[in-house]
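Below: a set of structures, written as structure tokens.
Here chain A shows up in two complexes: once beside chain B, once beside chain C.
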Partner chain A sequence: MQPCTMWNLCAAGKTESCELPGSEKVYLLKQDCTFFTRKEILRLHARFYELAPNMVPMDYTNDPEVRLPLQLIINMPELVENPFKERIVQAFSEDGEGNLSFNDFVDMFSVMSEMAPRELKAIYAFKIYDFNTDNFICKSDLEQTLNKLTREELEAEEVTLVCEKVIEEADMDGDGKLAFADFENMISKAPDFLSTFHIRI
Partner chain B sequence: MYTVEGDMDDGYVHPLGTGAVWQRSEFNDMNHASNGESLRQRGYNARETISGPREAQYQNWMDDLSQDENKPIKEFICPMKTKREIRKKQERMLAKKTGWDSWKEEKRRSFRKFRGKTSESLKYVEVWRSSLQNIEGHFGTGIQSYFHYLRFLVLMNFVTFLLVGGFIVIPSIVFNELKLDDTSGTTTTTDSAASNISQCLGYNPNPKGLVLYYTFIMDVLMGTGFMELTYMFYGYYKNTSVNLVGFFYNVPLAYLVTTLIYFLLSLVWMVIRSVKGFKQSLVKEDSAMTNYTNKVFGEWDFCMKDPKIIKLKKSSILYELKMDLEEEEMRRIHAQRTMAQRAGIYILRIVLNFIVYSLIGAAFYCIYLATSKSQEWLKEEKVKGDFILELLVGYMPSIVITAANFILPMIFNILIGFEKYTLIWQIRHTLFRCIFLRLVSLGMLLFSLWNNITCGGNIDEANCITCGYNSDIYKCWETRIGQEMYKLMIFDFLTVLVVILLVDFPRKMLIDHCSCKPIQLWGQQEFLVPQGVLDIIYGQTVCWIGTFFCPLLPLLNTVKYTIIFYMKRLTLFSNCRPALRTFRSSSANFFFLLVLLLGLALSWVPVLYSVFVIKPSVGCGPFRGQKTIWQTIPTTVLTFPKAAEEFFGFIGSQAFVIPLFILSCTLMFYLMALSSSYGKLVNTLKDHLQMERSRTILLNQIH
Partner chain C sequence: MRKVLQKWKLTTKNVSLRDYPVPLHEKRRLREEELELIRNSNTKFWGPWSTCGECLCVRSTLDRLHQVARAFKLWERALIAISGRFGSGISSYFSFLRFLLLLNLVSSVFIFGMLVVPTLFFTKDDVHQAPPGSDDPCISPSNNTESEGIFIDLFTGQGFLRDSILFYGHYFKGTTDGSSFNIRLVYLLVPLVYLLLCGLYLMRRTAQGIATRRVRSRDYKTRISTKVFSSWDFCAQGVGMSLLKQQSLSNEIKSHLAEELWLLNLEGLSLGRRVHIIFSRVLINSVILALLGCAFYSVHLAAVVSQDYQGITPILALFTQYLVPIVISLVLILLPPIFMLLVKLEGHSPSAELTLTLIRCVFLRLGTLGIFFFSLGQKILCYGSEETSCNVCGHNTQFKCWETSVGQEFYKLSVFHFLHLTMDFLLLQAPRSFLVSRVKWRVVVWLGKEKFSLPQNVLDTVYGQTLVWGGLFYAPLLPLLNIVFIFLTFHIKKFSLYRLCDASQKLVRVSTSRILFYFVLLLGLMTTFFPLIYMVTSVRPSRACGLFTDYSTTWEYVQNSTRSAMAIKDLSYVTSDLFPFCLLGIFSIMLTSYISRVRQYEHIIEELKDHLTYQIQDKIFLVRTLKEADDAPGQEMDHQEHQSDTP
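And then the complex of A and B:
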């Protein structure tokens, strides 16, 4: 009898035609660790597989270490038009370079789904907006964010002015840059954050 | 609990403090975990490094304070691999636990799974879920909130229809078919002479004489003629009271009680919904303090996929930031104004407000006049002979209301520019004026009707003295009110359709095919959410007022809103572009529910007034022959057993109501005091937090 792969499980919907070794347990584990249901995890795997059919295995029983490079991930239709796509993928990758394993892939969409709580999203949002990864959102990070948001059509002095205003509004300890505490405090007051910071897949 | 190394080695530092370097404790701790130790106690700390080896570059923001054993793993803040390891270890620990603990753990986990599964399956029951998601993906959450709102009203109308249909319409139909009617007899008025009764009774909506070819259409559009003799309107229902073996059903009682029930149900439903929004807006600070940060961090909708929409979103953010910077400039200039300039501006504002409210007053007078005249002219022969004229006269109130609600907001928009308010106040003032106009114009129409029906409240006037209401014009005044609401609803519906078909689509076609400058400048239709929401609130208020007099109105409203949903979605995708100024859905959601509550309160006034004060029509309806509609309840209570009768008598008496009222007031004041003290507490805590942080900076600087 052939071992059950992801395709057997979701195509047939039944398991009597195949043997269930560890793969079922793999998805079961994932289900508790993400906000997705089993069906959605299988669907995510299908999307992951589509990105690189020659690299991604169908059978995840042995938990293979397959990482897809940044370039493949940011071409997904959900991300390709997003100005922060590289930062998003880098924030969820283990090496910080943007190479995602399937674990990280599921993690990314799980945190960005609408069911993740605000605190979780705030942490990853901070990582995303911290362009130079110094654990602070400083003025240069803000300027880069602003330019990405407005297609670089704001004049330089306007950009500076807006960045100053943002720091003025959010910085609690007066060091001229935003630490995570300031960011989280500000996010808790931003009413739209929870609804805008999510990607539907 | 936390060990700190590095520069800050004095005292306790808040775990979410700035720039602290933490010590990492390894996963080994979990292996030593004994029963009942939470992850927090195992000292799960975070390490952050500026730059370092590949593994350490990944930062762990461990939120210790909320890393509970009871929290599901999916909410932990660590990479997936870590979560899976934690899960494996949890499973192993679970296997080690004995008896009560493991059973508890298992139950907790399965309950969580069950809850997840039920909420997931409930999502499939949600109507139009995919449409809403599609709209959100393309146009953002602001516009999606309009459709969300529309769907809520469709559901509410449908539930109202089920109530009304189940308890009023269907029993009436059944009793009618089974010829079980008239067990409670015909009218039994004791306070009018016999000859007078005949004048009040002459209710015959069927036209006498020549039946013209367009009568059918006219009847459908105006709710007269054959329509009056259907279950559509109040007048057709009889005061049947069926008393078979073991089965007792009193139609008038059911009619009254169902009305009260669906009003209460709507109120409770809306209050529950608005409490969610209210909580959020309480916590939220004044938007002036978070304006820029919200625009930079909270504005970008990560859901958007369409490049065109993304381009528009970027332009809209750009536009908003520019506007904000301009506002800053303007505020700075304002602050530097001299006394003379300030006085000038105040005078200007007073004058403009005077103009605005006199315009609104003029509109109200026109509506009042239109309603009275339309009632009068419909009786005239020359109007009855002409199709178009009769239609126009019949729909005159609706036309005037719609015209006022269309023209006046445009004037408001122009005038507000001269008043030199900041942007946010401009929006608020305009919105307030529009809401005031809409809801009170409806009130004016009802006032005019009331004036006609009750001869200005003066029962002793010539027309009203025989029957208690103006039986000259209104043989069945409840049906007439129902008809007016019916006409308002139809006209509103037709207006929406006409605007979509004859304005939006041609505009899009013009823009696509004609490339001349003025048309391109005019641009595509913007999908304006506030106006749309006010429209549907207005429609819903009309429905609430009308349901008592026209029981099938909720069904019509459900159908109307469903069609509007599809039409608006169609026009959104084909013709519209998102508004340049983003509609902030979260704060507005609560605000619009509040306005809807206002509409509900407004709709209670005519219904309750009719129930308690005005004498019901003698010739029609389920309450014929009674002194007031409310009389049904005391009459029914009298038929209860003695104990129940005394109980209800006590509840209705002043001895109960006044203390209850006083108690409710006291409770309300107590809650208000409690909430204000909580607010003060929150502010104090915020100040403390600020002080703590400044203190640590100062200490830092000293060292």
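And then the complex of A and C:
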């Protein structure tokens, strides 16, 4: 069997007729599902492995279910200085508690990379800023966001004032909290969103 | 899941699998399903190409190309490190430097390839010397200053540099006699076309930037929701930087609130206070105008003095030659801090203060350049003065080859601009940071380290590039020099940012700094482009040197060559008097129609917003009514049971 190259993978149904080494099968299939190239996915796996060398396997042919806990992920240098690190990891984990499998790990960095489109990032940004996971950004979510952003340097009344202003500016249906449509509308007016909402790895 | 994805597909065109907001294992499963479908449906050769709309092949090839191109970008690693440590606002300044490097590289490549290479190849040895014994006062060589040593010549552009390929005077028409390569046309058109293309590109980027900000934020004031949700730079790493960023973010929010408070206060001002504010604004504006006038006059004086110097000691001569750049630099050092102090007395809101100071600084820089052009024109081409020395040759006979002199002036300005930067780094920033880290006096602590001021740095860089563009026609190799300067500037600024500067307390937005950069660059380009057009079309070129010695204006050559080529008599309408007015009328009509459409759309948006609110309120009302209707029969039944229970 000939080895697999990019060209014979393109034509449909050719994956069986070429030979893939077992551990690489998983990465080639992932190629179109993320914004990363094969080399970058392998590099991500190396980073994932570094976090817990005794738990993460090198061979993924059997698709093992290995999840790393929240505490290990948020100590990565890319995330450790971020005030929203717990929320980011929780938004991408399947159980909502922050335990990431390798799939979720790649997904997280793919969405946060510079190549992801604005709409996709807006969806996950909404999930991140929604602290109580009720699908609305309400006033308490905003207060928590502000406190994390400013490390509680603002006075309580300034925080309340800012939250009221944000809701006033963004809320379109008048229910006092931001639904996803309101959030997306507001983000579409922020020219800097794409350049700030990304993590480089 | 299928339904969600189908809805997603309907709303967005050309969505690829990786744009779906579902977890990764779902995407893989979907991909398997799609591949299965393709495999089963069509087994012909063109099957895969017709069913998947954009073939995966093409897309992944393009992606691969993008990845490779990104690896070759200059300074990519350095920019990533800077944006991680200092934020994307400051790293945008360094990516502007890279953009300018690219612009200069493009122009150097064209000029080198199309001008310098033919000249070097086809040079005959003494064709470009003037034939001896000619009596024409415009041609005979004057007693120009002799070379004063290689080191000083390097700085003044005299001596061995004067006749080199650096300046206009070296290129002569005999270069390509007998071949079909027309060097005059090339010399004339390459800089003009390049400047025009640059101008169009910059206009496009400025318009995009302004449209993004205007459309995205509806007015020029940044909304606080934008500040809350898109201020935190997620790619910032580095220990301790988050503390600094949090402080600066809270400062920004506080200043936003202060500005809102200020606006509220503005409405409640008494009449006396308003009059006081208007009076102080008028006073301060006239003070600023007076300062600007003094600055321009001093530049003019310096230009006059430096052209009139007579033979003195070499060092003093060098100093006199560099008098104009020195005066300009002094003016640019002294006046902006004065502007910043004065603007605080005018009673504007904090953001308006910044914008006003910036506008004044830009005006100062471009104005000094304009005044310099004017005094140069006065001296060399005798504008507005009664000198008779220009009557004979059309230009001052002291300068046989006036284009080279103009080129030398630009060369000196450019060199001094770079020297100023280096001196600033070596003599001001480095000692200051050394002092601050070693000495603990109160004054020194109060002074602190230098703060990296983004607007001033951007204006500096734009000024340097404007000088290069201004001198492009008269010193074709100036962009090549500028490439070296920009390269060194990048490393000097990077070093000073990392070691010598305090991290700035103010957050800078990328979109704002981008608009600033492109717009000011465009202004600089226009300041140099229009005088150049004037010089090319109306001024008599020098007869002693250069490519256009036989023509009364440089542009006449183009007219002569094209007159026989095609019958473009109709194009004479373009230069007549009526044409600009017609053009103006058409543009006004187009502009009016666009503006009225924009206003109408804004009105519709407001109405739709209200409509949406009413719809939601109706929905809530209906739900509430239904709920009450549901509860009411239950209550009646309870009531009946209770009644039947009692007896």
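Simple rule for what comes next: the second predicted complex is superposed on the first by the 179 of 201 C-alpha atoms of A that agree within 3 Å, B and C clash if a C-alpha of one lies under 4 Å from a C-alpha of the other, contacts with A are read in each partner's own complex, and residues count from 1 in each chain.
The working rule: a contact is a pair of C-beta atoms (placed from the backbone, for glycine too) under 8 Å apart; a residue touches a chain by one contact, two chains touch by 3 or more.
Given the structure is predicted, the values throughout are model-derived calculations rather than measurements.
After superposition onto chain A, the partners chain B and chain C occupy overlapping space and clash.
Of the two partner chains, neither chain B nor chain C is touched by A:S140. Using the contact criterion defined above for the overlaid structures, shared-chain residue A:D95 touches chain B, although it does not reach chain C.
By the touch criterion defined above, A:A179 reaches chain B but does not reach chain C.
Of the two partner chains placed around the shared chain by superposition, chain B and chain C are both touched by A:R200.
Of the two partner chains placed by superposition, chain B and chain C are both touched by A:Y129.
Residues common to the contacts of chain A with chain B and with chain C across the two structures: 29-30, 32-35, 37, 77-78, 81-84, 94, 103-104, 106-107, 110, 112, 116-117, 119-120, 123, 125, 129, 142, 145-146, 149-151, 153-154, 158, 161-162, 165-166, 169-170, 172-175, 186-193, 195-200.
The touching residues of chain A, when paired with chain C in their complex, are 6-7, 10-13, 15, 29-35, 37, 77-78, 81-84, 94, 103-104, 106-107, 110, 112, 116-117, 119-120, 123-125, 129, 142, 145-146, 149-151, 153-154, 158, 161-162, 165-166, 169-170, 172-175, 186-193, 195-200.
Within the complex formed with chain A, the residues of chain B that make contact are 14, 16-19, 48, 50-51, 54, 57-59, 61, 63, 66, 72-75, 77, 79-81, 83-84, 87-88, 116-117, 120, 133, 136-137, 140-141, 280-281, 283-285, 289-294, 296-307, 310-311, 314-315, 317-318, 321-322, 325, 584-587, 689-690, 693-694, 696-697.
Contact residues of chain C toward chain A in the complex are 12, 16-19, 21, 23-25, 27-28, 31, 35, 38-39, 47-48, 51-52, 55-57, 60-61, 63-64, 67, 80, 84, 88, 212-213, 215-218, 223-226, 228-239, 241-243, 246-247, 249-250, 253-254, 257, 509-511, 609, 612-613, 616-617.
Contact residues of chain A toward chain B in the complex are 29-30, 32-35, 37, 77-78, 81-84, 92, 94-96, 103-104, 106-107, 110, 112, 116-117, 119-120, 123, 125-127, 129, 133-136, 142, 145-146, 149-151, 153-154, 158, 161-162, 165-166, 169-170, 172-175, 179-182, 184, 186-193, 195-200.
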